[in-house]
Amino acid sequence: MRKIPVSILGATGTVGQRFVQLLDGHPWFEVVTLTGSDRSVGMKYAEACHWVLSAPMPEWARGMTIVETDPKTVQTPIAFSALPAKTAWEAEAQLAQSGVLVCSNASAYRMQPDVPILLPEVNADHIAILEHQRKRREWSGGIITNSNCTCTGMTIALKALHDAFGVEKVFAVSMQAISGAGYPGVASLDICDNILPYIAGEDEKVEQEPLKILGSLNGSEIKFAPLVISAQTNRVPVTEGHTVCLNVKLNSKASAEVAKQVMSAYRPPEVCRDLPFTPKPVIRVLEEVDRPQPRLDRDFGNGMVTTVGKVRSDPIFDLKFVVLSHNTVRGAAGGSIYNAELAVAQGYV
Amino acid sequence: MRKIPVSILGATGTVGQRFVQLLDGHPWFEVVTLTGSDRSVGMKYAEACHWVLSAPMPEWARGMTIVETDPKTVQTPIAFSALPAKTAWEAEAQLAQSGVLVCSNASAYRMQPDVPILLPEVNADHIAILEHQRKRREWSGGIITNSNCTCTGMTIALKALHDAFGVEKVFAVSMQAISGAGYPGVASLDICDNILPYIAGEDEKVEQEPLKILGSLNGSEIKFAPLVISAQTNRVPVTEGHTVCLNVKLNSKASAEVAKQVMSAYRPPEVCRDLPFTPKPVIRVLEEVDRPQPRLDRDFGNGMVTTVGKVRSDPIFDLKFVVLSHNTVRGAAGGSIYNAELAVAQGYV
Amino acid sequence: MRKIPVSILGATGTVGQRFVQLLDGHPWFEVVTLTGSDRSVGMKYAEACHWVLSAPMPEWARGMTIVETDPKTVQTPIAFSALPAKTAWEAEAQLAQSGVLVCSNASAYRMQPDVPILLPEVNADHIAILEHQRKRREWSGGIITNSNCTCTGMTIALKALHDAFGVEKVFAVSMQAISGAGYPGVASLDICDNILPYIAGEDEKVEQEPLKILGSLNGSEIKFAPLVISAQTNRVPVTEGHTVCLNVKLNSKASAEVAKQVMSAYRPPEVCRDLPFTPKPVIRVLEEVDRPQPRLDRDFGNGMVTTVGKVRSDPIFDLKFVVLSHNTVRGAAGGSIYNAELAVAQGYV
Amino acid sequence: MRKIPVSILGATGTVGQRFVQLLDGHPWFEVVTLTGSDRSVGMKYAEACHWVLSAPMPEWARGMTIVETDPKTVQTPIAFSALPAKTAWEAEAQLAQSGVLVCSNASAYRMQPDVPILLPEVNADHIAILEHQRKRREWSGGIITNSNCTCTGMTIALKALHDAFGVEKVFAVSMQAISGAGYPGVASLDICDNILPYIAGEDEKVEQEPLKILGSLNGSEIKFAPLVISAQTNRVPVTEGHTVCLNVKLNSKASAEVAKQVMSAYRPPEVCRDLPFTPKPVIRVLEEVDRPQPRLDRDFGNGMVTTVGKVRSDPIFDLKFVVLSHNTVRGAAGGSIYNAELAVAQGYV
């Protein structure tokens, strides 16, 4: 089988680097195009990119020449977008129109009614809205997005509970890694021996995106799930891995024990059970009182698995627990790759 | 005016060191006795103590000889206790019986019905229970405690709201400094590039102690305040300063603006307004979207002021906001000293 | 006595903030002018400045309006410069010409033959070259500089040894705090769980500046001291305090014991022994095997004291030891203030 | 081919954990025995071990029962020792006598004349002294050691230079990771926002071990290489990876360019070129001015490769450069495994 050629848009940033690293040796996809900003166009990737990952830069990427983000230079069936939100709006649309399926990590299109925020474990069926999107916008390609990196793990955990008991209300307090802010991102003087209790736009995303992802597809429309989320997001001195403390009110009561069983037993929809990036298991539930911890648990299952721990009954709501997810893998580049695999498996590419 | 001689019990630990540092130059108190464990009895303080504070060890302390924690060696009217919980139970009682007023940072006696957990800004009147304690236990001295370091800041902030609007329910997620765990305390491999989502016994203390502190004194009994708290406590890589994210449900509605005014305007009871360690203001409310931050705000007002920020309306409850308090100053040694000052001002010494 | 009005040039950066903080309550100087870049001119200091110090911003500074760095707006006898090197060259000269004595922390003029790099403890006499500078450049004010922050502590320690035994050769390996890079400065992803073995231009400064400072003034010329330094400079995850490991070859042998005595006993020149910012002692020599440590020792003597530890004989050269100096206090803003005090004491203002 | 059964002595500590992780899936060795202290004997590994590695604990290890370190319980041809130095002396000798080849990471036997400190890239021939050791001590097994983790990388780099130009004198200043101190090891309050300029016994090891490793085997004796090393060792807030700054004096001059070529071109002895843990290349020389960095470079080549950077001429000696080595992989467990592979390849097992 010949591999499908793919592009990475905005390949020099932290999420772009994750795409390069995670697509190294991918069984279906082969990176043939790397795009960058005007500053880096024409340079070799190894020169243009200030690499910040622990895993070394793959050899094949070092010598690739950075090109513009444009339909003339990006002509692969799939493009992974790590573009900044402001340039994503126009660039992704141009590519979608020219026939590229853009699997985007940018927030630009997430809340558009005809664009799905896909977490295959949760709402693989939402991909069908792509047909409506193509028709309505006269695009031969299209745009599918993954969620904000803080929403990812918590929405996957909430999905299992929502299916079983109905989720009504959620308090979410996050402790997020610095890699989530890109590069140079957070200044060291702001985070060394410190916490930042503010991330621009993040509370809003955490309060809104899960409602769409957990919603139901009704013809050409996604009906938002009727839960309410209250979020407080924080930056902490951790390199990778977002931790979220949740308090959850359910429609029908559930003990901590049953909730743990339900989350452990959660299976993704049939179609995305054996894709290359399918997390196994979808949710890993830990019993140790002091887990999950970002340094110890973020890399489990190559960073694609959502880890839940400390599930216990809540004195006000029903449950409290902690979710950990690798923000630049499952929550960003890895999630987009998983989405692209779903699109291929479903015949959208 | 002659200064009142005082002792520090358990002077070599992290809280003991804070007592030494904060009592350096205190206008009312003079440290004459330092106690330690068997290992350090007979040694000079400078030898016995692995000093971990940024502020240098005061010269007067260096040459003091460590003695046992015993009524024979501790004969000052006031003793500040930084004893570990398990030795505090017996040692503090012996001293209380022998005539010493023990101002304790240990948790051993906090939940005893005749022992007050004092935050002078909040419940200065609870000190009156000392008379009942002395009678009942036949102690000529007594024991007063300060709260758990995570409870301190949040209870002070909640007090202002409770007086004005009534507090019903509270979700509290903490991000706590490593100094709270003593020395050696948290292993560096456990917290470097990491978060620990567990602190033994801490969730329980945060859920219970504020109810007693916010309660009302009824003769010889403290009636707990009827609010419910749900806590999730975490350790983060920060040296000093506990940050707590709160979601609060009130009896009567209040906008964020009004809540801020109420907290800013909160004044301590008359009797403790001008003690040497009185925080000024009691609550400092910040308007910046990215504050409070532990490194920038913990030392405000010599570490005695409670800082509140990010007060906003909550989509589920009424308010959400962030509280920061210096855990080894306001939340530990400084709090005990403030309590002792109150006891002196009220004639209990 | 009326205080001398002073200006701070580049007041919003990390060193500018240190000037603001250290001049709060200074017995001789009163800050009347704060300058900033075009972006911040016209704004209140509290709005324009992203404050990064643990000590809170002084109240008097919050409402001051930022002005341009220009002879029209800067009309105080003394100006403290925290300007970036590239703008310092022109701006400092204009002010010097217009009558201002610029006490500069910038590197622009340090290696100019008629500009002294002053560490009052070491080379207070070099200030006399100011007369030559004024004549030659037709300036009624002038420029005096302090050294690079990594050079400061090590040059002070070497001075004591140089006077007593003659220093021939020095290996210096630094571990430098992130505050030395300004704000935003070092990206958190570059330094969290990491070391940066490179600081642009720093090896060169450490190899050259001490030779000038330790040199002798010969009429209008500073004759460089004939020692050789080899430097390797590194950035480490520490907020404040530069640590330098030194190996030193002397002209005449000295044991570690004698070297310690010589450094402990070192006294600054008479004229700068009792200025407000005079460090007391000049050099603090510690005996503990695990000191100096930046978090524990940087703030000693309000951050103005140089701390030396681990003095021992060297198997190749004569001595090895470790020097710690507070990089934004003694090594930057505090050093410039000390220089200004010397200039006032010597009648240059 | 059947795998060789092996034991891990002291399997619950940080180096023991690395052995477990690195032997997971090893092509030649299969772990059948895990030993631990009295406290953990009889417990399952998953219960007894406070796992601190980012890579998850292998499934096969979780249920293994910890046994004593004793010839009755350890009966494999090879045992990997992560014992603390004090228990290693007796336990390793007993096993060596009973027929086990102990590949030890402990320092106990390193300086014994008939025990080699092996770095296969450097002194594979030293393994021959094992025959002399067996005869002299009447052991049917034996002990081979790997070097102190700080010595490893620098000795490999120095070997290449020593062969080509002769190394005379070396200044070494280290910045070492916290994992090198085991668990709980360094207290977080000692290293958060701090540096520790002292590691017990470390300066001495760095000054002595390389002389033995670089020495020549002369019949039954290792003649130490005649170079002199002066070391200053420091602990920094980094999880994994020891960085060492070196200044080197050579017998015959070499430019930085030639030195880089020599190190890049260095090949291990024939016999250890294709073992499973052979680093490829032995030395990786980087050209970037700001490399090596522990977070970016420690994992290169699965943590077995020594990375050298910043090679430049030295104003006092001949060369200065920086070496990085993964301290718990190449410098500890991985090094011992590589030694065991050499022993098997040479017929000593």
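Letters are used for the chains, namely A, B, C and D, taken in the order the chains are written, and counting of residues starts over at 1 for each.
We adopt the following convention: a residue touches a chain if its C-beta (ideal position, glycine included) is under 8 Å from a C-beta of that chain, and two chains touch if they have at least 3 such contacts.
The shown structure was predicted, so the numbers you read here are calculated from the model rather than taken from an experiment.
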Kindly list the shared contact partners of subunit C and subunit D, in label order.
A, B
Could you check which of A-B, B-C or B-D has the same interface as C-D, with more than half of the contact pairs identical by residue number?
A-B
Whole-Å gap between the CA centroids of subunit A and subunit C
47
Using mean CA coordinates as chain centres, what's the subunit A-subunit B distance in Å?
42
What residues in subunit A touch two or more of the other chains?
52, 190, 192-193, 237-239, 295-296
Can you list the subunit A residues touching subunit B in their complex?
169, 171, 173, 175, 190, 192-198, 207, 228-230, 232, 234, 236-239, 243, 245, 247, 289-296, 309-310, 314-317, 320, 322
The residues of subunit D that touch subunit B in their complex are 14, 52, 178-179, 183-193, 237-239
In their shared complex, subunit B is touched by residues of subunit C numbered 51-56, 192-193, 239, 295-300
